[in-house]
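Two complexes come next, and they have one chain in common, chain A, joined by chain B in the first and chain C in the second.
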Partner chain A sequence: MQKSTVSKALKSGAIWGFILLELIFFSIAGEHLSLSDTAFMDGENMLLLLKQSAPIGIIAMGMTIVMVNGNIDLSVGATFAIAAIVLLDSMTWPIFAGLGDGVIPVAWLLALTVGTLLGALNGLIVWKTGVDAFIVTLGSMLGYRGIVFMFNGENPTSHLNWTLVDFAEAEFLGFATATWFLLGVTLVMWFVMARTVHGRNAYAIGDNREAAVNAGIRVGPHMMINFAIIGFLAALSAVVFYSEAGSVNPNDGQLYELWVITAVVLGGTKITGGAGNVIGTFGGVIAIQLLRKGLGHIGADTSTVNLAVGLILIAVLFLDKQLNLKGKEELKV
Partner chain B sequence: MTDPVLRLENIVKTFPGVRALDGVSFSVMPGEVHALMGENGAGKSTLMKVLGGIHQPTEGAIYIGDDRVTMAGPLEAKAKGIVFIHQELSLAEELSVAENIYLGELPRKRFGRVDWATLTERTNAILGKLNVGFDARTRVGDLSIANQQMVEIARALTVDAKAVIFDEPTASLTDAEKVVLFDVIADLKAGGVGIIYISHRMEEIFRITDRISILRDGQYQGTVNTAETDEESVTQMMIGRQLDLSRNASHHQLGEVAIEVRGLSCGKLYTDISFDIRRGEVVGFYGLVGAGRTEIAETLFGLRRPSAGQILLGGVETQIHSPDEAIAHGISLVPEDRKGQGLVLGMNCRDNMTLPQVDRLASGPFVAEGEEIKIFDKYRDQLDIRTPGWRQKVGNLSGGNQQKIVIGKWLSMHPDVLIVDEPTRGIDVGSKSEIHKLLRELAAQGYAVMVISSEMPEVLHVSDRIIAMYSGRIIRTFRSEDVTEDSLIQAISGIGPGAQATEVA
Partner chain C sequence: MAAMNRKDLGEFLAKQGILVAFAVFMIAFTMANQKFISIDNVFSVVRSSAILGIMAVGVTFVVISGNLDLSVGSMMSFSTIVVLDLHDKVGPALAIPLMFLMTLCLGAFIGFLVGYLRLNSLIVTLGMLSAIHGLTLTYSGGQNMDIADKEGTWFSVFGQGTALGIPVPILMFLAVAAFLGLVLARTPFGRKVYAVGGNGTAATFSGIRRARTVFTCYLISSGCVATAGLIQASRSLGSQNTVGQGLELEVLAAVILGGASLLGGSGTIFKTVIGVLILGFIQNGLLLMGLQFYVQFVVTWIIIILAVWLDIAAKRGKLWSSIA
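Up next is the complex of A and B:
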């Protein structure tokens, strides 16, 4: 019993320990290797890091509930791009011409609705066909990305609305708008997963689906709601990011699904479902962003960053497996 | 007499090609404990699935009180007051005890929030009644299997039940916990709840039930009052003949010792195990589920690492680190779970049979198909495997023929020691005796055979010697001439209070 509490504490705290390690490493390494004069642990730098974590982080919160539920969603990057196009393009539509800046909430609403519907469609297919979520969303990842390219070919879609940019670049209590959205989404998803019946049922389904069915939980509709949630959050992520950027390339959001899943898994969510929480995911998001930023700080290029993240992900999962072993007499597989 | 709480009338359920239930009728009175008995495959679980709304009956009707009902699913059954306590634990390990007990029906506050206070309070009240040593907040995964079973049982107490169905509830309970369970059942009974109690353990059936209904091959055999019957007649109704407890009488010429184990231990799973098996000998390992027999077999096959002791093969001490090494040393294991561990169900007969040696059968870079077919033909003839041809998918064969494929697979590796774990689980009576004969013949050909079985007739039939195990230890070793049912049952019960000689089937 004692041993298991120790290993549990180790596990739940592991991601924060890892973040601490990163901070120490990059601070020391930064002194010797960095080209810039500013310290890595500079306040400005850390605030920027939080803001840059937002696009991945917001989606990761949705991925947490989907993965705890025992599913996965690979289409979030494509949904992200579609929502971005809807957001920017709808502001130029003639029917909204008379609205002035009133077009902003309309465009936001449109983008979020489209994202939610695309997510719900994934969920509906998973529910009604019983096909594995991995396959369904692999298909929709390709399909949704196809829609992105159908819209404007290889060309970017752009529209700058300065009111919107001002809003997006605003800071409140030192945090940027995007950071506030990330924190808000984290808080809401924490509440949903830890405090509501829907959230607790998500754990039950991911842990033991048959038990959930036996207990009369309607698994299909439940999963569809979670896919709608992640669709909404992918769109929200796009809304927050492109309000500032004002231009979207048809390739934007590619590989987001992999970064998101990496963050969620680093944060302790079981890939088979049933365990995990958004606080851990938040840690995972920060850890990855720190790594990307830190390696950049000491002069590593993107490919090195990817290599490092990949290695660390595998190392973390290996450690997790070791901590979970029940003892020597365990059956070898 | 009062009206029954639950009545089944002439239930028929057919699956493509199978008549799983054929005219089953019985009723449960309020305040009655009604046992449902039958061999594996007699249709008990199908009947329960029909009752729970997981399957719809092809014909017949279910009445609750006076109302004819159709169950659309487990939740509806529960709403109507029919509660199931499942045999396989139907729990979510990562969730708390409270969440598991109220799974699907968590009390809510506004905005869909869980009402934790009410949940904890209600759960602790139920747990108090059950007298268990954990509380509502405990994570289910941290509980022992027995305590998890108690959580499952606690579910029955959450609703105002009319009928509660217990499916093998004592399979993993200790004697002390059984007493608590029987108290719970007595409480429910006193409250006018009807109880269906499914179990193989005669001792329990005769201790707590009022009436017994018996199924055989999906057919209803009748209902008897527990007080007016005895084990033997119930057994006869279940298997349609007298229980054959005849012993193996002939012994083969024994060769040298093929495998010897000295002081073998593996953590808490088993301790200080010593035995030997000679060529030409069948040694039966008998004990209750969880006595550590399968774990010994897994150790000999290199799947577990022993914490102490030696394994000697042909007199030489040998370390076995993996199944690969075990096979190389001439040990083969026919595992307990035939479909899960023994076969690749989607592959054809030939490929299954040659699976362990397929890399040795290569001709150049390719698989030597001709060789494979030769091996298959040889063992098909030798073991009398009935299949239309080697292309047949193993999943389509009967249990008996599947088991022969597994045995053939290992014989083709020319082992010295053949370990067979539960050789006839889920196999019909006719094929059972064939497998038994086969095991005897294999011994006659000079194999050392280790048979693990939980069925007394089986160990008595095939074994030259019987090793009785209880809770990870060898209690006694019998020669087939000396063994009596009573002494065998005493040995596997660990000789203690409540260890009465009543286990059959």
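Up next is the complex of A and C:
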């Protein structure tokens, strides 16, 4: 009993311990290795880090509920790109020409709707055909990417609306707009997962689908809602990011699914479903971003970041396994 | 009687549906464009499918053993870059075995983690995708890799040569598929792969060493990746660091299209090869019809889901799932 509490605390706290370790390491290493004069723990640097975490972080919150639910979504990167194109392209449509800056909420709404629908389509296919979510979203990752290219071929889609850029670059109480969205989404998803029936059901289904069915939970619609949520969040992430960037390449968002899944798994969500929470995911997102920034700070290049993220992911998995093994009879092979 | 026939048809489609689909495709495309079935075109399609195909054959072992391998794309970039670099440093005759050795070491590492330490293969290979990409960039310093003397090397034979009138990549693809197909279908090891993937616990209790079997599957997969990297390097004699990026998912798509279950325990090399060819011919057929390359993404999406859906629908005897 005592032991399991200890291991539980160790596991839920592990990601924060890891973040602390990163902060200490990069602060000390930064003093000796960094070329820049500012300290790593500099306030502005940390605020920038939060802002840069937003695109991956917002999607990761959706991935958390989908993975707790026992599914996975590989198509988020493509959904992200479609939503970005819809956002930027729709602002130039002639039918909205008379709206002036009133086009902004319309474009946002369109992009978010498209994202939600694409997510729901994944969910509907998973529900009605019974094909594994991994395969369904692997397919739609390709299909949605194809749709991205249909908009504008291999050319980028660009549109700068300065009102929108001002909004995206604004700061409120020190936090950038993107940061506020990340924090807001984290809070809402925390509430949904920890305090609502829908959230409880997500854990129940991920833990034991058959038992959940027997308990009267309608698994199909439930999963579809979760896919709609992640589609919505992928679109929201795109909307927040491209309001500022103003130009989207058809290849944008590629490999996002991998970064998102890495963050979610680092944050302690089980790939088999039934366990995990958004606070842990938030930690995972921050940990990865810290690593990227920290390694950059001490002069390492992207190759080291890739190497480190990959090996850390495997190490976390290994440690998690060791902690879970304790006290369990494991089949010796 | 009619119900009986329908059941038979369902069973037939479940077992051979992929072949039927392949035949339908070939006929439809040929009717749309006579050039489609010409020897030249068929050779060019199979040749460009060879790299994907050889990797898919290796991944089939991993998938049948009940695991996934998402690292093959970045591993292929690694072997391509390594062999190109070593080519100029130690000569092709030594570069090729060295590159195989290094790639097999990566495969062995993954096999150790998934087989012996029993870590989740999706996450391990996801991590390795990133780590190997980092390794490749560190190795090359982020630069493109080129062979200095492109005319005077026999190294180009694997990607550009022909033997008996057939392009060498096709021959290598056929050789790898035939050899590993026999290993999977006709050897005790092949049996063990199916047993481990079908029911790992039962396999363990019947004396099969699960860990060693899984380990070997990853070794085979990395060996295939090295072969694919060799062809890729030899074909272009120069390469970017990201040459294999995204291939892991195309490979998986081909394997799934071939009917291998991601749960493990089912699939064959022959069907994987058919899956690879379907993807290749669809891509080619759509291009011949004058459509843009990205149309194939959408078509592939629909085909993958339809293929898997019909497969499981035939197995459960109902079109729609029973999820409430």
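A few comments on the model shown:
Criterion: the second predicted complex is superposed on the first by the 328 of 333 C-alpha atoms of A that agree within 3 Å, B and C clash if a C-alpha of one lies under 4 Å from a C-alpha of the other, contacts with A are read in each partner's own complex, and residues count from 1 in each chain.
The rule we apply is simple: a contact is a pair of C-beta atoms (placed from the backbone, for glycine too) under 8 Å apart; a residue touches a chain by one contact, two chains touch by 3 or more.
From a predicted model like this one, the values you see are computed outputs, not experimental measurements.
Touch criterion not met for A:Val66: it reaches neither chain B nor chain C. Judged by the touch definition given at the top, the superposed model places A:Ala83 against neither chain B nor chain C. Of the two partner chains placed by the overlay, neither chain B nor chain C lies in contact with A:Leu291. Contacts of A:Val136 after superposition on the shared chain: chain C is touched, whereas chain B is not.
Of the two partner chains placed around the shared chain by superposition, neither chain B nor chain C is touched by A:Met193.
In the superposition on chain A, A:Gly274 makes contact with chain B only, not with chain C. Contacts of A:Ala120 after superposition: neither chain B nor chain C is touched.
More residues of chain A are in touch with C than with the other of chain B and chain C. Judged by the touch definition given at the top, the superposed model places A:Tyr203 against chain B, while chain C stays out of reach. Legend: residue contacts after superposition of the two complexes on their common chain; A:Val213 is shown touching both chain B and chain C. The contact surfaces that chain B and chain C form on chain A in the two complexes overlap at residues 213, 331. Against chain A, in their complex, chain C makes its touches with residues 113, 117-120, 122-124, 126-138, 142, 201, 204, 209-211, 245-246, 249, 252-253, 256, 262, 292-298, 300-302, 304-305, 308-309, 312-313, 316, 320-324.
The touching residues of chain B, when paired with chain A in their complex, are 73-76, 78, 84, 86, 90-95, 99-100, 103-106, 108, 111-114, 142, 266-269, 295, 298, 302-305, 307, 322.
Put simply, chain A touches chain B in their complex at residues 1, 4, 195-198, 200-201, 203-204, 207-208, 210-217, 274-275, 327-332.
Contact residues of chain A toward chain C in the complex are 74, 125, 127-132, 134-136, 138-150, 153, 213, 218-220, 223, 254-255, 258, 261-262, 265, 271-272, 301-314, 317-318, 321, 331, 333.
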